[in-house]
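In the two complexes below, chain A is the common chain; its partner is chain B in one and chain C in the other.
This part shows the complex of A and B:
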């Protein structure tokens, strides 16, 4: 078939009639319409707002065995930082331990009785910091924060020490080696906004899962109602039926994608540093693979309820092995290679690469290729399954 | 009582007959537990990092070696003539460490030398972990080569000293699976009665609304308890958890929680007499609410205040806290008694709502 022939075929009267029928069916199905608009927007907003790894205002319980101006200075340095706030003073370490296990405090600080004396004698002294490490992530971040606070406190102490004593020699500097001052700079997201990572990941998840759901619902309806035989009896060819089924869904889901991208921009102010066209192309591939997954599911199920149950088997691995909500490096080693087979993973990499990092096609082409191949395989699989069902 | 048991038996038989539902009941919770707990983890290992050494002295080499030895980082090669930021854009590396010229000379002469760490912050949480770990490495290095700092902190990590995220997410996903699958089955079973009109037979029979509902709920409590037993077998082996303290609160709470989720599913089934719609609502309530608003992944305090109040009504939140307390913190009854009561209250509300929906339909005898 030549290209013009194909085009004439696509815009033939029969084709238009079939597409119109699909549109009418979608228009009359209130639930399908709602599920096209409401869940994506709602979920995107919920995920973006609710999932934040921010560590701030940890309740710090204090046992101050020293009770000197020096120890109080240390305590206030810690509690004045954004990360900790004072939960209360306790008389003994046991009481503090109880408070942490009851959940009244998230962290504890124990200042030894000889703290000020050691400082005055310029001897290194150690304070104890207890952290509730149930949540490993929070504990790691808060440990780093506490260390940062202590480090700047130490620098101040050193400078004060030199000022106060006015040491007559310059020599000590030569005896001591220079310190390394690590200066982290955060590229692409200097404000460390958590939601940018989450919403860019959830976008792909939504596109795939929603396309799957909508497609399987609309495909299986024909089967449930038994109207698929009537379609077969009509002069339309199987290609025409398939294209007419997919085209309206694809169009509506693309609109949903644009709405979701608008939410990203307007609600979460995610920066658009790269090419929007690349993003939309990748999104369209995502929708296509989602529709294909839905079609395949529909051909295996006899009712809408069965189709939905089947998608329950598919969604957890698709969602959890995608790196949409957490970095892939945090997964067990044996699971990491599986993410290559996940379109959500590729899409998330493309979204983050273009929107946040401002990369072009040159940076994300491996993921684009992966997504493209995946879509190709899925579309041909679904067309084959659908053909088989029709013939 | 006899009627309640008969109703439960009928319900359980129906579950066993359909392979999809049976798989949903038994296999999926396990798959979810294993997959999700791995997939939610945020602790990163072996992050690719690029080192650009403009000094090339033995001091700078020594410093880089410390990074090579860390388990968080994995130093990769990068051509000197290509800008290091390009590696971040193409995902080849997560961070770049830049050591300036004169690094070794500065150090030897006692001058503090700045070292820059450029972190890919498109994932803000990992960026915080990366910079925190790098700071810690630099600190340790400073302690080694220079005089120790006047005030040092000795960190004690309680309850989870290995900082294993598996131990944190395992109990959370355990609760998530329990909040999702039993109510899904219960909702489907209840909606099916209405869809296939078998509910009419119930209305005209002599069974009361309480007996009918309790029978159904009891059956799904059995299913949920079975799931809980199977999943906790994994928690105690694969996840390496043990009871940290008094296990009685979690036993009581588990029974109450299975009642709560079974009533939730049944209530949805009563209110929405359509299987597909009921399934969607249960998935929304069971999965989304518990996943997002219960502190499963991140602390509840991080949720903006406009959404946070909802989490006070999310039944899964209390159960997650109870399970984590039992398996990690060991606070026992003093820490969790009111949470157990909340689960009971929320469960009873679901039950009453379901009963209210049923009662209206039933013919008075």
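This part shows the complex of A and C:
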């Protein structure tokens, strides 16, 4: 079909009638409307706040072999922070180890007997932090907290020319007291606001899942109601029917995307360092691939309920294999390549690349290409399936 | 039917009462409704009706859409409180007698993903019937309805007729004393419908009281008594013979070579004050309702001779219940006055051309042959009726004829196209009304019509006028913004029909267009269909109602995927071998049971008090033999005579004979 032919097609009276009908149906469909307005606000906010990995009120057991005002100051600095509270004093490291392994405490702090003396002599001194790594995530985070607290404590001390170091030891490995010192530098998210990581990932999930759901529901509806036959007997071609079905959804989902980006910016103050246009283009591709997934699901389903259940089945792998909520690096090696097949992964990479890093097309093009190819494959697959189902 | 028989029939109810008196039931009517009123806000659905149904009676409730039938049912079933008045079941308020009533609603209320047996079990459990009894009764009824083979089938996979029978079984398992059936046979094919009514006759003979509403008057004739309801009131109660006699008119069947012309000549001389009360056109005849048959025949002959129209046949008969119903409603000023269809295109030049030409169509679905060797030709200007039981391959055939389905074998020509039947140019010329679901429930009436006008490219200049016509045709003026889904079935069909012809197609496919539509609206449908055919459109219609099929110019009957009979309605009837006997006996159900032992079951059927027997013998011999047989068993035969075949009788014979020849795929 030539381009002008296509345009004549798109603006024909039939197309107008078809699109108008879809909009009229959407206008009557309260549930669909709500699912287009509520998710960007509710899901983003909920995920952003609830999924955040901030940890507070960890129970800190303490062995203070030093018992000086300086050691007590260190302990109170730690326990007065939001992250730790004092669980009790223990006489020996062994007892403390037991307390941690029994679960009476989440973390332990050992202050050596020469702590105050070293400080007074302006020598670097070392305190030991024991962490219950049963919950590895919490352990990592508490270590980071402790480091953070001590770092700022150090700043105070450094004014006096003193330097304090923390030596983390993970509880099950009490015997192997490592001497490695971490000096992490958090780039692009200096405050380590982890909601930025979460919400930028959730944005992609939100687009894909909602597009899938809305598209499958609206595609299957015509079949469920039995009106598809009537539509097929009309002079409208299958292309016209498909385009007319997708266009209004695409339009509304794009509006939803803009609303979601606004929430990102306004509620979570995610910075906007890169190109907005690039982001929106990626978002549109993401919506299209979501719509295609929904259409494919719809062609395999006899009822709206079935379609809904199938998309529920699809959600978890899409979410967990995307790197949107959890780092890909944390997955087993053999699972990691699968993320390449996930549009959410590419979109999340693009969002983070542009919003947080300020990268341009040159930086994210591999992901862009991935997303584009994925969308292309899905769209053509869904159009084929839909056509086959129609004939 | 001769006058003499009416006397005999009038006498029979007395005998019924005698029998009931012996059982001590005569004092309490099964259903007793007095001054029954139901108001919904300002709308008065039921306006003070009085109704007395005797025990063991099959009592029919007929009336146009919105007459208040369903409200009456809901009150009697005890699921809805009346605004005022008495609704008693065996002397106690309906609400307290719910355990004694079985109620079948219009919609299918079974669980499609449970099997037949599980559905029965569930319904029994709800009513706290013991498991042993559920199984025993379930099996008894499954056998009675010839469904015991399907006990393990999912209810969702049953055909319409079997679903209704299953609903009936579920209602029967708690052994109610009264059955309330609200349009139980909508969408059920003629064969299943007859079986369904045979089962009802059987149940009523066993002591069950049945109140049934139906929009189909050939069915209503099978009731002992009928109440005619209109706008919330009961206008008349009586047996079908009494109701027909009350019209004080005769029916003349008239056949001429040019029905269109004859109709317009006679219509101008008919009216409530004329000798000819009413003129109705059927496929190959006109039905005139006249006061004095001799005078009318003379008048018709004069008028037609003057206009140069020859008369092929003129035949005086009793009016049917449908004639009576329509005449009553028209007398009440209820005729549908729709404006003239704003026709902009005339297909007259196409008249006589072959619009649909199918040669040896074949359709295989994974080894199952749904349609085999079907050839048919439909010309422009012709109304062709395709009839068949459920599963006969009717729908598959239509889908192939209109290009939705690719045939496995054979060739198709549609609107002159042979290759691509699904091209835009072909589809623009086709109007299609699919079974039941052709409108968007979630759009308003207006939006639906706008959509169909738009998608078929009806020019803007004509659009407004045509949409106004549809609204007037469906009697929905001023309600165009109402949600389509909230319309009752009959009205939805009217809008759907209007939507299908907005673009003035020259080929029209109508798949069960009148299902659930009341007789008056049905008549408006057929007037319109005839008018479209007159302007040159080729029309293919399917229906389960044989009375309606008489409206077609030609008929094709399908059995097990094959076209087994084709011709004009009279042609098919005249080709029918055998004779129809009508007997009136003192214990009709016993007579039916007796006769079913000696002849094939389908040949015997009970219509109220009248027993129909189809025989291949000469009528005199058959009458003699049957009378002897019945009297030997101690029954009294009041009258026996030969009657004319109805199209339904013919259809059932054809299906059953084909079934005997081994063409069994009525239920796949």
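Methods note: the second predicted complex is superposed on the first by the 284 of 391 C-alpha atoms of A that agree within 3 Å, B and C clash if a C-alpha of one lies under 4 Å from a C-alpha of the other, contacts with A are read in each partner's own complex, and residues count from 1 in each chain.
Methods note: a residue touches a chain if its C-beta (ideal position, glycine included) is under 8 Å from a C-beta of that chain, and two chains touch if they have at least 3 such contacts.
Note that the coordinates shown come from a computational prediction; the quantities given were computed from them, not determined experimentally.
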item: First, second, both or neither for A:308, with chain B first and chain C second; value: first
item: Partner chain(s) touched by A:368 [first = chain B, second = chain C, both, neither]; value: neither
item: Partner chain(s) touched by A:74 [first = chain B, second = chain C, both, neither]; value: first
item: Which partner reaches more residues of chain A (counting touched residues only), chain B or chain C; value: B
item: First, second, both or neither for A:250, with chain B first and chain C second; value: neither
item: First, second, both or neither for A:347, with chain B first and chain C second; value: neither
item: Partner chain in contact with A:143 - chain B first, chain C second, else both or neither; value: first
item: On chain A, positions contacted by chain B and by chain C; value: none
item: Residue ranges of chain A in contact with chain B within the complex; value: 31, 35, 43, 46-47, 49-55, 57, 74, 100-103, 119, 122, 124-141, 143-148, 150-151, 153-154, 157-158, 161, 173-190, 192-194, 196-197, 200, 217, 304-306, 308-310, 312-313, 316-317, 319-322, 325-327, 329-332, 335, 349, 352-353, 356-359, 362-364
item: Chain B - residues contacting chain A, complex; value: 20-21, 23-24, 28, 31-32, 35-36, 38-47, 63, 85-86, 88-91, 94, 106-129, 131-136, 138-139, 141-142, 145-161, 163-165, 167-168, 184, 188, 245, 275-277, 279-280, 283, 288, 292-293, 297-299, 301-304, 307, 321, 324-325, 328-331, 334-335
item: Contacting residues of chain A [partner chain C, same complex]; value: 13-14, 16-18, 20-21, 24-25, 28-29, 225-227, 229-237, 391
item: Chain C residues touching chain A - in the complex, by the definition given at the top; value: 402, 404, 406, 422, 424, 427-428, 430, 432-434, 436-443, 447, 450-457, 483, 509
